[in-house]
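Right, one structure below, let's go through it.
Chain IDs A, B, C and D follow the sequence of writing; residue 1 opens each chain.
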Amino acid sequence: MEAYLLNLVILISIYSILASTLNFIMGYAGIYSLAHAVFFGVGAYAGTFVATHFSASIFFTLPAAMIAGAVLSLILALPALRVRGEYFVAASLGLQVLAVTIFSEWKSVTGGIGGLIGIPPLDIAGFEVFKPNQFVFVTVVGLIIVLFIINRLVHSSFGRSLRAIRDSESAAAAFGKNVPLIKTISVVISSALTAVAGVMYASYLSFINVESFTLDTSVLIMAMVIIGGTGTQAGPIIGAALLLLLPSLISYLDFLPQTEIGSIQQIIYGLGMALLMIYRPGGIVGLKKQSGGGKK
Amino acid sequence: MVSSQVDTQEVLMEIRNVDRAFGGVKAVDNVSMDLRAGIITTLVGPNGAGKTTLFNLITGELSKDSGTIKWLGQPINRIKPFQAARAGILRTFQDLRLFNEMSVEDNILTSIEANSVPLPMAKSQRKARREKVEYALSRTGLIDKRHIRAKDLAYAERKFLSMARVMATDARLWLLDEPASGLDPNSYEKFLEILREEVKQGVTVCIIEHNLDIVIGISDRIAFLDRGKLLADDEPQTVLNDPDLRAIYFGERT
Amino acid sequence: MKQIKLIFAAISCMSILSFGTAAAEDHTIGALFPLSGPNATYGDVFMSGSDLAVEHINADKMLSGPLSIAYEDSQGLPQPAVVGMTKLVNVTNVPYVLSAFTGVSKAISTLGNRNEVVAVNGGGVGPDLAALGEYFWNVIPLVNLEVRAVMPYLIKEQGIKRVVLIYIDDPFGNSILDELESTLESAGGELIETMSVPTTAQQFSGIAAKVRAAKPDAVYIASYGAQQIQIVKQLRDNGVDQQLITYSGYLVPDALALPESEGIIATGQGVNYNSEDPVTKRFVADYTAKYNRAPTAYNVNYYNATYLFALLAQALEAEGKEVTGANLLAKRKEIGTFDLVGGNVSFQENGTLLFPIQVKTIKNGKTEVLDTIDFGK
Amino acid sequence: MLALQLTITGLQTGALYALTAVGFSLIFGSTRIFHFAHGATFIIAAYLFYFVNVSGYGVVLGIAAATAGAIAFGLLLNRFVYVPIQRDEGSFFTVFVASFGIGIVIQNIVGMIFGRGFVTVQTPLSFSVELMDGLYVSPLAWISMLCAVVFFGILWCFLRYSNLGLSLRALADNPELVKAFGLNPRYISACAFTIGSILVVPAAIISGATSGLNPAMGHHVMLISLAATIVGGIGSVAGTLLAGLALGLAESLALLYVDSQWTEAVTFAILFLFIIVRPSGLLGRSAAH
């Protein structure tokens, strides 16, 4: 039981990092990316590559993954600077599909669909972490650090600039915001932090393959943000917890056929997305919240 | 161009032979004018005369087809909007473009922060920033509304917030696009008062306005645009008494 | 932080939903089967085999205490499988886990090796399952064996020389590609063209055109599930009338019912259900009685996997050794050959059981055995 | 000969892509609704036809059911999801997310009813005839192309000569015009959804016989439609048509050079480049901003 809960906490922490980093660009900068799983994957593959070829120490794997995520995120920044709205969503979709093909075909690095096995445990200053009761601390601490960074950014002038750009790009520029630069920085930060989740995920499961980084994952992360509450800090975490607990909650309902649990879960979150958009576009947390601002 | 009596004032901005066409229609047609320090210049003219386009050309929102604009003696022909703002040229928008999801306070705060890279700020800087926000809040009477989201404000309050964003900055030139339109008499008295006060403190204003009462009440100088052409740029009385211009303005064009 | 507290609050709510953990029996082994989701029907198939084995083992009192299986839901996917495996390894503390599906097996193999827990596959046939380390065993012949059986047979019996391969672009398909290349070369055939298809593809008329242009004697199709059926149908629709060859994965009711399947050659694990040895006789009789249907290879494999544990644990107990993953592995290597359903079978060096392979053809929606190829002897 | 064969195959695929994509393009162009559930319309039409067909009610009833189902779904979605969201001045993304959610729901409901595997509409029409040495064409290929020609012909006449068509086109050119002309936007958008949904039906039915159906294919249909719409130019029906055909051809002809797992990547690389370099698409007029 305990290990089961630890597992859930670990996965919820990892997905909370993903949802929070997506929320950072989606909720604060208005960059609606459907390619978030790409950077999750880049982090996972880069971290694994370093861990299996050089050193499993997080002092190597994390920076490598973050740099890889940051550099590749410039590809996402490119359309983000050029276009908005529907066009950007379409561009990010295109990027997601491209990335999945590359993840499946670049077999020497990614192992293709077969994936990579035997990924070493996290090595923190010589201490190998893989047992769930230890790993849980790493992921929770990781989540707290990521949340802290995002929290600081959001409540700084940078965060205000992002929200200003989201609300009116032309007005933000008219008040001296270097919109392309700010957007690029936000995408780079978000992707670098996303890559951290990738490293944790890979070394926790000790196995990754492309199926963890497909459009479905991007949609799941997006759903976590939206259902939890876009542009709020607690929202993505609540969304992540809710969607990851959903299968267990549903399986508790005995009258439902076990074989349909996956479908029922998806129907619930699909309906949740649609209904929230009609009645509460702000998400679960959003409805209580009155302003995106806070104290300075 | 007609001569002027405020030639003594320093020229902040020099606009020379500026053109801009949209698909064959000249929105701004060979416009040359000066914006002088410490006065209020009003842009008047019928709808579609090219007034807002002129603002967009000055701040770099749109690119000119030809012509030059100098700011403090330096050409700023390829300036981008954010650079214009940092150089001290700020504008408001006809449709306000407030940061709707942000609080009143954050709206003002973010308008005076022009840094792009997320780095910490010195304490003294933060204090100075604080004071400017308080100043703008109190002058526009939004002090009680500071935590309200911009989109939840009443119409007049939104207009004042649009002004407050500009007031908190150190900009030398304000380009105001119909800031008083639709205001009730009380609000617009307050608005005029704020504007006069700010000009007294050394701000230069160029304002697009339709309401003749306001135009008469505040203008030190009036520039008259029609179909992209600058028809007059002179003392208020001279322009307003010109029968041809009156005819155009009131739609009695032949 | 407020958010973290919220998570913990949510998690503690969840604890009421505790999943029934297996009671602490004398012997417990784990199983990671798809019990929910689209592949859940397989879970039932696998369980019917392993459950029967448990009944037999406990009825015979093979072990000092009763044996039970702690089932965990893998959904047939890597991530839930790892979650389930972690629980089996750290909480239930089992020495031996039954696994199914290639992705699941690969995902849990590292955990198995790290914690010295044996994982046994009886469902997946991807050849890389043979290379997942000491603690990963297969009680099912992998697909490379099937290729090695069918190609020499066809070259000899039907004079097939020029073969085109259509394969799914994943480890399974790629290993068939490797295997087919080397088998054909040594058997005197030729692989004239290979075409890979992505896992999600469903349009194969272009592929069919390329196949026709290559003018082969036969086409080997290496995919699975619905895609494999689509490939067969669309090849036939688009004028490919050559011999089609495939492997055990095709022998499912949906495919057999397809009119286009007529005449296809497929291979499969050969289990002689009419064998006279007591283990097989008892299995066939009791399975048919209990489930009211004839057993299939999957039922056999998970019966065997469970029964194998009992044999090894029995031997360990007789020596007074503890039943741990490490000891089970040592014991398996020591004994090597076991009496399981289907006869006396032996493990290869890489932990994979050798089974005879049957070459079959589909006639009127039913399979017909053409030949049985026995590698062991 | 292989190239010719692949061209014909590509035209068949492209004709169906073009029909579906123009449906999406018309809706998106005239209402600015990011109708991601267009793929779900496809699924509904396809499975309704399949269901009526296997139940033994024949092809005509099947087509009728598929068409009715597609139109009903489009209109209901517009009325009960998009209209309420837009009344609240919802952003494009709000609409998109809701649409996406509905798409997920439909995919899973269809999956629960009909199974998640492939189902195929059995018909002798999918069996190819050898036209000349090595060139095989199935009757369905001709039907696909004929459908495309007929539907586009009707659509062209409709957009060009009928009042409603003219206003739809005007709308596509400039969404603001709807108010200026005093047209009822509700009515126009209902029309756009009706026509857009009808255009999905032929592709849905034919795909059921050629490549088989599965509940998850709505995603692919949608991605292709989106790619064709943007590459063709938002608001340009002709551009979308061309782009849809081109995508089908490219997918088929690419087999001459690369393995088929790369074809999808090629499609989306093209899309990505178009968005960065020429967001207005092949024949689009308006800029992206």
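We adopt the following convention: a contact is a pair of C-beta atoms (placed from the backbone, for glycine too) under 8 Å apart; a residue touches a chain by one contact, two chains touch by 3 or more.
Since the model is a prediction, treat every value here as computed from it, not as a measurement.
Trainee: Walk from chain B over to chain D along touching chains and report the minimum step count.
Mentor: Each step joins two touching chains, and the minimum needed here is 2.
Trainee: How far is the middle of chain A from the middle of chain C, if each middle is the mean of its Cα atoms, in Å?
Mentor: 34
Trainee: So, what's the distance in Å between the C-alpha centres of chain C and chain B?
Mentor: A distance of 75 Å separates the two centres.
Trainee: Starting from the mean Cα coordinates of chain A and chain B, work out the distance between those two points in Å.
Mentor: Inter-chain centre distance comes to 42 Å.
Trainee: What's the distance between the Cα centroids of chain C and chain D, rounded to whole Å?
Mentor: So the centroids are 40 Å from each other.
Trainee: Check each residue of chain D and list the ones that touch at least two other chains.
Mentor: Residues 111, 261, 264 of chain D each touch two or more of the other chains.
Trainee: Enumerate the residues of chain A that touch no fewer than two other chains.
Mentor: Residues 104-105, 260 of chain A each touch two or more of the other chains.
Trainee: For chain C, jot down the residues that touch at least 2 other chains.
Mentor: 38, 169, 198
Trainee: Once you draw an edge for every pair of touching chains, what topology comes out, line, ring, star, complete or other?
Mentor: other
Trainee: Name the touching chain pairs, please: which are they?
Mentor: A-B, A-C, A-D, C-D
Trainee: Help me check something: in the complex, which residues belonging to chain A touch chain C?
Mentor: Within the complex, chain A contacts chain C at residues 1-5, 7-9, 11-13, 16, 104-105, 112-115, 117-119, 121, 130-132, 140, 143-144, 147, 204-207, 209, 211-212, 233-234, 237-238, 241-242, 245, 247-249, 251-252, 258-262.
Trainee: Quick check: in the complex, which residue numbers of chain D touch chain C?
Mentor: 1-2, 5-6, 9-10, 12-13, 111, 116-118, 120, 126-128, 130, 134, 136, 138, 210-212, 214, 217, 220, 251-252, 255, 259-261, 264
Trainee: Show me the residue ranges of chain A that touch chain D in the complex, using the header's touch definition.
Mentor: On the chain A side, the touching residues are 32, 78-79, 82-91, 93-95, 97-98, 101-102, 104-105, 215, 219, 222-223, 226, 260, 263-264, 266-267, 269-275, 277-278, 281.
Trainee: Can you tell me which positions in chain A touch chain B when the two form their complex?
Mentor: 153, 156-158, 160-161, 163-164, 166-168, 170-179, 181-182, 185, 189, 231, 290-293, 296
Trainee: Which positions of chain C touch chain D when the two form their complex?
Mentor: For this pair, the touching residues of chain C are 38, 169, 195-198, 200-210, 212-213, 225-227, 229-230, 233-234, 237-239, 254.
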